[in-house]
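Chain lettering (A, B, C, D, E and F) follows the sequence in which the chains are written, and residue indices restart at 1 in each chain.
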Amino acid sequence: MTYSVTVRDHIMIAHSFTGEAFGPAQRLHGATYVVDATFRAPTLDDDGMVVDIGRASDALRGILSSLSYRNLDDEPEFHGINTTTERLCSTIAERLVTAARGDSLGPGGAAISAIVVTLHESHIAWASYEVTL
Amino acid sequence: MTYSVTVRDHIMIAHSFTGEAFGPAQRLHGATYVVDATFRAPTLDDDGMVVDIGRASDALRGILSSLSYRNLDDEPEFHGINTTTERLCSTIAERLVTAARGDSLGPGGAAISAIVVTLHESHIAWASYEVTL
Amino acid sequence: MTYSVTVRDHIMIAHSFTGEAFGPAQRLHGATYVVDATFRAPTLDDDGMVVDIGRASDALRGILSSLSYRNLDDEPEFHGINTTTERLCSTIAERLVTAARGDSLGPGGAAISAIVVTLHESHIAWASYEVTL
Amino acid sequence: MTYSVTVRDHIMIAHSFTGEAFGPAQRLHGATYVVDATFRAPTLDDDGMVVDIGRASDALRGILSSLSYRNLDDEPEFHGINTTTERLCSTIAERLVTAARGDSLGPGGAAISAIVVTLHESHIAWASYEVTL
Amino acid sequence: MTYSVTVRDHIMIAHSFTGEAFGPAQRLHGATYVVDATFRAPTLDDDGMVVDIGRASDALRGILSSLSYRNLDDEPEFHGINTTTERLCSTIAERLVTAARGDSLGPGGAAISAIVVTLHESHIAWASYEVTL
Amino acid sequence: MTYSVTVRDHIMIAHSFTGEAFGPAQRLHGATYVVDATFRAPTLDDDGMVVDIGRASDALRGILSSLSYRNLDDEPEFHGINTTTERLCSTIAERLVTAARGDSLGPGGAAISAIVVTLHESHIAWASYEVTL
């Protein structure tokens, strides 16, 4: 038995890609990523929740605010790295793992067994990253 | 190899939550839950189906009709329990398990290996519960 | 030529209806309403906007926060009135009209020619109200 | 009586805005715009269509390909102009008007009475522009 | 001021088109049409509704059941006519007009000022037909 | 840790089903299937991708073009088989497996650990098939 809770938010960023495989996306362009963060747990806490949705939304928003309205090509942490949809999924998911291990998600965070982050880059393409805690 | 079929329906309920973590949701309020019920099986039946979609929809509707247009705070089965989105997912999923083990889903029900129920509480939050049979 | 901008938010409320036409919805139940507020104008302001999306979102959220997480049956303003989806659309739209005529939406508010509010009560039903300024 | 046909596509662009009203969006960032182009006509052609969907899709894609995977701040046509969602709607719509008046949409183009372009910038905000021919 | 209510349902049909403009769609193929029926009125009835959603859904379903799970090429009413998405919109809308003028929609039907039917043929194309009563 | 990328496309087909369980769907009818193809991998390639989205989209489109705008009852490969949504999922997924094992998906194809194909037959029903490579 596995429970999960998902919250949705979004970011709007600029970036470019290095590598012939990217075709016209090698030019500086951008994307809206609609971001779904899923938290899984085998049990519910005393309140009947996987994790408090308000805290989960706040944690996600905090992480996204350090990325949004930016040109990712200028961010030191992404230097020399293609900020593909897949990679941004893992970046955001790993930060949520840190949040879950800390206090940001509240006591429910301790029971989280997996986190999945999905980024929708358009109505016809999306990517995700799943990590087990 | 895993096949699955999902059917969608919805309920409209009132309820309130107990616990400071719920903030304003401690007041009597309500929700539309768009409900997705997924049935998984490793093989298809002789007709080429996981489960008959008509029967699956009817089974789901029957379960939902006992919940919809109600104040869940007044329902004996939820006495002393927070009817969070997560918990309603498990309530509905466990009843579908009973349906699968009985005759409601037809002969295809015998091969079902897992049931997942997802409740969408808004365009930015949803929860799910997965149970293996 | 008409420009428009739409922002989306949501409320979760309890209520009941009076009248045989409502069937089981005469019982206390509830709904999530996903709320779309559209602002129309024949021209754009100096910044190239119909109305600032941030201000529009804040104005909408302010109006919705006075309705959300409540039992509308207990709200004096709705005494003796069925809070149907249609009627909640007009309630919210008229408050946005007041916001547009005041300062809440910024200078762009003066050019707004129409406001439309749509409330989605489920994946299969929604209502709207359009008012010309 | 009015008929309409809508086709959907998307672009991914970088840009920045000038003006304090834009807050963090003054920084170079980007967006995926999911683009809906609607063609209205009072009658159908001999084939029973407002406009051939294949031709309409091709016309839209041709227009979008001159915008997509670009930093709009570097495009001469947008020099000194904020490329807000509203303004990109009108840019695309006016080019579709030219297409409708030329041959790109086929014979059905002659009967088109209005064109509406909607750009979805996220799951919670979109804009549109409607022009009568 | 205009109120509206929309209900959603769907049909699954086979058909083929006559005319070179249709390319591969000249072959027998099929479509799921997700059908949105919108009812507009300048005022609400005594219950606070444009039209009873239950009655509206039933009226729509009745009309759709005479079309669904059929090969429209074999239906006498469509003999010699291309059953394009646009044309099916008008077929369904005109039947809803008849329903509104009769008793099917209840007393609210008398105030309906316009009906709009939208058929979604895929995630990237849809059509609609609007008729004023 | 698992990464995934999903691309979306669609097909429009006619077919009929054999078996009393199918009720009115035993008649010749049709469907639009919105098709989501998901590719999973435990690692990213040197460009930071699971698989090139352009190549994945092209591979999916190639497979779908051999099915779309057809009456599946007339296709030899489906002779004597009910082309249920579940079965079409597996047909498409197995062809993507072949593509992944060949060159069609590029070098990223070698790392793909699973493929999932989901077909949405309406707004209230969908099916999927997952295969591990």
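We adopt the following convention: contacts are C-beta pairs under 8 Å (C-beta built on N, C-alpha and C of every residue); 3 or more make two chains touch, one makes a residue touch a chain.
The model shown is predicted, which means the values in this text are computed figures rather than measured ones.
In the CA-based superposition of chain B onto chain E, the rotation angle is 180 degrees, rounded to steps of 5. Of the chain pairs C-D, B-F or B-C, the one whose interface repeats that of E-F, sharing more than half of its contact pairs by residue number, is B-C. Because chain C and chain D carry the same sequence, their contact can be compared by residue number, and under half of the numbers here are used by both. Remark: chain C and chain F have CA centroids separated by 40 Å (rounded to whole angstrom). Centre-to-centre spacing of chain A and chain B amounts to 27 Å, using the average Cα coordinate of each chain. Residue numbers of chain F whose C-beta contacts span two or more other chains: 8, 123-124. Residues of chain F that touch chain A in their complex: 1-9, 44, 46-50, 52-54, 57, 106. Of all residues in chain B, only 8, 10, 12-15, 24-25, 27-34, 68-71, 121-124 touch chain C in the complex they form. If you check the complex, the residues on chain E that touch chain D are 17, 19, 21-23, 81-87, 89-90, 123-132.
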